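Each structure below appears as structure tokens.
Below, chain A partners chain B and then partners chain C, in two separate complexes.
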Partner chain A sequence: MSRATLTTACAAMLRRDLTLAWRRRGDIAMPVLYALIVTMLFPFALGPEDTLLQRIAGGVVLVTVLLAMLLALDAMFASDIEDGSLEQLVLAPQPLALMLGMKILAHWVTIALPLIVISPLMAALLHLPASVIPVLLLALLLATPLLSLLGAVLVALTVGTRRSGMLLALMLLPLCVPAVIFAAGAVAAAQQGLPWLAPISWLAAALVLAVVLAPLACAAALRIALDS
Partner chain B sequence: MANWVPLWLHRLSSPPTFYRFAGMLQPWAMTLALLLGAIALYGGLVLAPADYQQGDAYRIIFIHVPSAWMSMFIYAVMGVASFIALVWRIKLAEVVAMESAPIGAAFTFITLVTGSLWGKPMWGTWWTWDARLTSELVLLFLFLGVIGLYRAFEDRRQGARAAAFLAIIGIINVPIVHFSVNWWNTLHQGSTVNVFGKSTMSWDMLWPLLTMTLATKFYYAASLFRRARTDLLSLEGGKDWVRQIAQDEDAR
Partner chain C sequence: MTAVRTVVPLLEARAVSFQRQDEPVFAPLDFRLHEGELALVEGDNGSGKTTLLRMLAGLLHLGAGDLLWRGEALQRDLCAGDILFLGHQLGLKADLSPRENLRVATGLHGTREGMDSASLLAEIGLRGYEDEPVRRLSAGQKKRAALARLAMLPATLWLLDEPYANLDRAGIALVNDMLERHTNGGGAAMVTSHGTVSFHGGEPRRIRMHG
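Let's look at the complex of A and B:
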């Protein structure tokens, strides 16, 4: 396979998924609305005390983004399974891992990127100091692709099952613990005026590892789930 | 020369051979487990002296620590069996991996419950977000995830393969979780039993602990054999050897 056709295939895959997402723009807004509403509920539940909200702001934003992504994960391969294009992808001569990587990238752009864009607003609603927001954005920029990649592997595993929503949450929780710890650790350190580079570097290292391994694992999982 | 080892293992991986083999060993393993468990409990609860600092409350380690070791040991067995199941597509390995998961989850649950019972008088709280406790809880969720994924498929072999894949992902994840949680928070005491160096535990307390560890190993073997046999019968429902067993049962 020559380099040119591979690049074309990747670009076509990416363009196809992004176009499909753009045709259904309403769906993109849903996770964002969900995250905003969940963030809004916290002051109601805990009381509108500034110091308390400030203390939990970073963690609340991170967990809310995680939950919003979890809800949207289910749909990653759903429509492709229904119309059979996923089987076509498995049979295609292009490496499946690379094509799935493009699909994951498209999913991240349509689901996680809007959430990252809205996260400063969520943080501001909870009175997170403005100086911490860049660190929060950096942590989210590293943690959300990590979650997309890990989630994609699990979604691929559950492709052949009927009800997968709750199961997906059960399976993703143990995998996302390190990402949450390091992302929240960076935000908390920045909030206390401590150096925050170490947890961010760990997140980046984990992301590099996941970028290399997750598409391969995703392809293997998909082959297992479709093989019957 | 030493050809018989792989040959024997190969023969053992066939369901009817394993069915007979497990049926033969299962009562012995169960008897040993009960016997050693009783000895260990007597040694731990009656013979061993009380701790100078913790009094009698420390005695829960004779259940807690072997269960904690078993939870990790069973996860390792499940991971290895999963790997074999995925690479060589051996049906028996799938059965072993999937039937290990509920036993492992049970041991993990026992570890968490006994730890929390011990934590109340010692730390003054049922639960704390300490590193080891949290890793153990994550381990429980990993076990439950594997069981859940296995049950979610209609085709059992396909479900077993998918769950085996999840178990392997989990094995890579366990050290990462343990390390990250350690970095996050630690209150749990360090190890007192050391395989290679000298243990910092008195022999009076150590021998019941080690005996209990053996007992839990035998219990796991017995339980796994029993579960695997039942599972093999239902998986191989239409095969001749199962029909033969059913006819023999009928004749009795």
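Let's look at the complex of A and C:
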């Protein structure tokens, strides 16, 4: 008899969720297309004026990525609850919080990473100077996992409710305000040639806190959701 | 010679009950389950059979009473993985094949000694369907894929909620066979069922539920 080690369990979870996402590749493309289309609407609505678009570019990209992620967040635990996989996961001899952390990581890789990859394109559509793009990418790399983690906690809390999608948006968006302020602040500072390290550090600090606490909160919320 | 049972029971329930919104779901229950034993949980629809099994599995909190695991108060982190639960939701991912589903489960739980997924799936009646997504299998085949997980994982106590549902006659024999092998190997099982169960390893212990 061989017991599973923590590493094999983490690998199994990660592999499972990435395989599932790959089997439904079409779903991955949706948030990406959504983000591209929304970004494209801004020049149409505001006119192709360089200076105006440049000024709003950082903020528009960040908010669009946030909204695109929100579209896919809803489904994070839904199918696992529906088919009983979550019950099996709770009964597995592994720390639930860590396993959920792996799920959140897989979710971030399949939803947020493609958005980060196309963000330079979105920035270019809005004439953001190329020199600012590394800062934008850095801000997104820190802000998107923060949103995934915060979102996961709220998804876990709203899992039993009907129309949880709308409720989720109403609960998550206010919580995202600090992340948006710091990420957009970093991009704006870089655009004006000012130091941008401080807001990025704040984002990183918030991310560290969320990495530690959010999976624990998720695990507690999902246990309560099952216990009814 | 009289065989006096001095062995500590695997699972012991003392006046265990469960309330949902202050309404008792079932009357307080007392039972003991030893290693190598099979218990049949009987009761009408709504008498709380599923609730009992979910509570024993640790998915629901203990309403009242005491649960003892090997003679000591049951602690979930000490017996994690030793108790498996199979309910109406089978816990299979529809987009993965039976083989991939097994691999996820063994990744989380480990493997029972001498088990190998290829021969197990063939034995359980899924030969030729090992790599077919579970969504394309029939209800009975899905059930068999979930049963394969039970057989594959190292665990002492099986909690099976309606394991015979959706299965054909050969499938029912297969469940009985698995239960017999599990109990002969020192495992224990609790099974709920409406239908008549012909367990060929002797008369199972019966736990009667009253709503």
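One rule holds in what follows: the second predicted complex is superposed on the first by the 224 of 228 C-alpha atoms of A that agree within 3 Å, B and C clash if a C-alpha of one lies under 4 Å from a C-alpha of the other, contacts with A are read in each partner's own complex, and residues count from 1 in each chain.
Convention: a contact is a pair of C-beta atoms (placed from the backbone, for glycine too) under 8 Å apart; a residue touches a chain by one contact, two chains touch by 3 or more.
Since the model is a prediction, treat every value here as computed from it, not as a measurement.
Novice: Once the two structures are overlaid on chain A, check if chain B and chain C clash or fit side by side.
Specialist: By the criteria stated at the top, chain C and chain B fit after superposition, with no clash.
Novice: What is the contact status of A:131 with respect to chain B (first) and chain C (second): first, second, both, or neither?
Specialist: Neither partner.
Novice: Once the shared chain is lined up, is A:162 touching chain B (first), chain C (second), both, or neither of them?
Specialist: After superposing on A, A:162 lies in contact with chain B but is clear of chain C.
Novice: Look at A:24 in the shared chain and tell me whether it touches chain B only, chain C only, both, or neither; answer first, second, both or neither.
Specialist: Only chain C is touched by A:24; chain B is not.
Novice: Please work out whether A:82 is in contact with chain B alone, chain C alone, both, or neither, and reply first, second, both or neither.
Specialist: second
Novice: Between the C-alpha centres of chain B and chain C, what angle is opened at the C-alpha centre of chain A, expressed to the nearest 10°?
Specialist: Roughly 90 degrees separate the directions to chain B and chain C.
Novice: Touch test for A:227: chain B only (first), chain C only (second), both, or neither?
Specialist: It touches chain B and chain C both.
Novice: With both complexes superposed on chain A, which partner does A:201 reach: first (chain B), second (chain C), both or neither?
Specialist: So A:201 meets neither chain B nor chain C here.
Novice: Looking at A:13, would you say it contacts chain B, chain C, both, or neither? Reply first, second, both or neither.
Specialist: Once the two structures are laid over each other on A, A:13 reaches chain C alone.
Novice: Classify the contacts of A:181 with the two partner chains as first (chain B alone), second (chain C alone), both, or neither.
Specialist: first
Novice: Determine the nearest approach in Å between the Cα atoms of chain B and those of chain C after overlaying the two structures.
Specialist: 8
Novice: Can you list the residues of chain A that touch chain B in one structure and chain C in the other?
Specialist: 227-228
Novice: Residues of chain B touching chain A in their complex?
Specialist: 86, 134, 138-139, 141-142, 144-145, 148-149, 152-153, 155, 158, 161-162, 165-166, 169-170, 173, 176-177, 180-181, 183-184
Novice: Looking at the complex, which residues from chain A come into contact with chain C?
Specialist: 1-4, 8-9, 11-13, 15-16, 19-20, 23-24, 79, 82-85, 87-94, 99, 226-228
Novice: Residue numbers of chain A touching chain B in their complex, please.
Specialist: It is residues 153-154, 157-158, 160-164, 167, 170-171, 173-175, 177-178, 181-182, 185, 202, 206, 217, 220-221, 224-225, 227-228 of chain A that touch chain B.
Novice: Under the stated contact criterion, what part of chain C meets chain A in this complex?
Specialist: Residues 57-61, 80-85, 87-96, 100, 103-113, 133, 154 of chain C touch chain A in their complex.
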